[in-house]
């Protein structure tokens, strides 16, 4: 067998393997009692497409594999022409003057769409889903982006701060088994600053001793922190209310001027949280282009050189960690008041990995990327939750997120909308330029 | 931590002798299983400098493979004698095979090799590993259901002998034998064979080893094969005593990783020793740490270790795998 | 303020059983250009790293009195604190922030001594804007000083070796140091760049008044720039004096010049 033939056969096999995998992933689920049913029915189940096509699932995926294989071959043979056209098309948009106007018009479009969303989508379930699953996650992802994207620290315990923020809100409003501070419950609005301060402190306390660690060890330590918070929130029943969650309902935000009282409903929350998102974006954009943002870049790229010009890496890392923590706590506080109950089972590692996926998918270090990534992924997640296709279970989402993480690392490590600096760093690392060791996430070897 | 365990047992030993030995026995058993899984973490770390986050799902793969064998051949019967022995050996073999194939031909090929070819930075691997872990865990959840499943027992798990009054059952014997045999085999493979030499060479310096004619891809494949086989065997044995389920790998995975760090990551014998220590400590803490918090003990040990003594007890021995 | 920037007394540094610096005593006077020379493995870089807080010698004292106020002890302080106290350095193999532009590299140096202030950065009040402006101006001034103004917006990874050296010097100067420590600045540069470098070093001292410590292999550069020298061999100081005195010192010729004159002339 010639190497050429081997490579072709390998490609063929991998296309069929991927098609089979996709068939299983999108197919019906098995169960404890019939663990092979999911597999068999993924291939041998009748399938019809609006009456145009009738057959078995395996036929669909076999066809799909062949079509993709064909396209791939075409792309390999004559793709360079298409690619160069795409390049020149992109360049017309990248022209400096053009860029500014197109950015501005994009912003206007986004603002209009954002204003219209609650009027176009009137199902209250979906509305609140959008607030807690999309908008809150945009804030969460922006916060994690400070830690992962800018400071280059992999934080797998991000959910721990979210939990602390939520519980502080429950505590301040008097919804925990333990009494509110000074036996005086306050409104959920007033709880927000307290939640921010608490989580920021938690971030400093966890960060100061651990941020000296190597990148991969730090990931594990933060993971341990998140798990410890999870165990405590589940089992410290007389403090947190345990697995049953907090009780009674945490009040929604209310707003009083004189005699007028406004209780935030779904639409109210939508605009409020959208406002929070906008504020976070503005603040973080300024932060990115400040000396703090530049110092993070310096540390990520070469910690020794950064130290040699007087930058204290630990201080900046702790700061990034604390900012991330307080953003997570802030999101926790807001969602706690919106949902009304704090359940510990939300606070698993799954949550942290979910937010991490948004940052990676969108583009580490890129504010625009993180927003686009979060809205896309979480938007699809909400859609799937309310309109599940046949065979889809809610927890299948994590399967797709896992696959997404691997694919991003293989094909587009800088993300969907990469930050300029990150893209340069990754390219240079792969070309062996720059300093020995890691520049993707600022870890020294 | 250790001090509170010592002080507890020094005051309660006389009253709770049997409990003590009972916990020691189960500590040794879990210790061997942690150690067998830890070997995989430590070997991959030694060679790729990667915390193979998906190793816990490799463990789960072996458990499910063994479960399917038991489901097929045990069903509602209660086998005995030679039949039991054959079934158990079969379960171990099937578990080891499934896991090693999954680790070397799926996980490594799909999630790590493309990154290696591109010389991606270390934390890119870690993210890919997390993705693989989540993918496999939830794919298993989708196909096999998300609740724990009891494994049909291929034997009666009779008592073999007692240790100061505490029972030592067939299961304990099985785990101890499997653990010792696999370790001895591993020691021989790594220490005395050509494969072992290339393993050590690659762990020490991948570039030089490659210049000296060591086939890097093949060596890495064997690393995953060996680590996967041990995790798969351990997975089957673990499932035999508790349950199998899609998320079963997470907690033992973290504990095995703790064991690997405890023994000095990259150090094979250290991984086994670390597993043993963690298993025993965790079990001896049981009478006075409520079961919900047992996992916190392991996490706390892990966090403390990484912060204060990241080189472990025997020291990191990257490059000297054995 | 003492007239010694660095006062090194009886410093010994060991790695395991290897003695890297043996009872080294050295005075670095304010305003001078001092060079430390010695054959490979003589302990030059160890001394350099001890002065900048990267290594912690086991014995002896290193006193730094860069700015007004109490002199500080270097040993046991992190590298970033030594830098903040007024000591800038360059690296043997240039270490720039290679994904950033030349301008950004220097600007990070210019603003590193300002407090952290994330809140200020996010609110961007008038004080922050004034700081930014000051840093920008200073950065441009320094880029002009080292002759990199034309390449301000170029990615630093694409600079030539010689330009990288000058960039590192500019980045160090941006921290407004009292002393600038140069670790083999001539390594990897061509003869024309070496000449330029020697000029730049003199100008840094004469025009900016920065005290300079130079560790160098290249004898031509050292002899033309340095006013005083220390010669290290096997971790000990074997001679000290002006270039003329060093040239005439038999111990130095024996230990160093005699054996490596040919080698360095080949290299340069």
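Read from first to last, the chains carry the letters A, B and C; within each, the first residue is number 1.
As a convention for this text, a contact is a pair of C-beta atoms (placed from the backbone, for glycine too) under 8 Å apart; a residue touches a chain by one contact, two chains touch by 3 or more.
Please read these numbers as outputs of a predicted model, since none were measured by experiment.
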Per-chain Cα centre nearest the global Cα centre, belonging to chain: A
Dominant chain pairing [most C-beta pairs in contact]: A-B
Farthest chain (mean CA position) relative to subunit C: B
Whole-Å gap between the CA centroids of subunit A and subunit C: 44
Interchain centroid distance [CA atoms averaged], subunit A/subunit B, Å: 31
Distance between chain centroids, defined by C-alpha means - subunit B, subunit C (Å): 51
Residues of subunit A engaged with two or more neighbouring chains: 439
Residues of subunit B touching at least two other chains: none
In the complex, subunit C residues that touch subunit A: 52, 54, 78-81, 83-84, 88-89, 91, 95-100, 104, 107-109, 111-114, 116-118, 121-124, 128, 131-132, 135, 155, 157, 171-172, 174-175
Residue ranges of subunit A in contact with subunit B within the complex: 24-25, 29-33, 35, 38-39, 154, 156, 209-210, 213-217, 219-221, 223-225, 227-228, 231-232, 234-235, 349-350, 353, 356-357, 360, 393, 395-396, 398-399, 401-406, 408-410, 413, 426, 429-430, 432, 437-441, 443, 445
Subunit A residues touching subunit C - in the complex, by the definition given at the top: 283-284, 286-287, 290-295, 297-298, 301-302, 304-313, 315-316, 319, 323, 421-422, 424-425, 428, 433-435, 439
Partner subunit A, residues of subunit B touching it in the complex: 49-51, 68, 110-111, 114-115, 118-128, 130-139, 141-147, 149, 250, 254, 257, 290, 292-293, 295-296, 299-300, 302-303, 306-307, 310
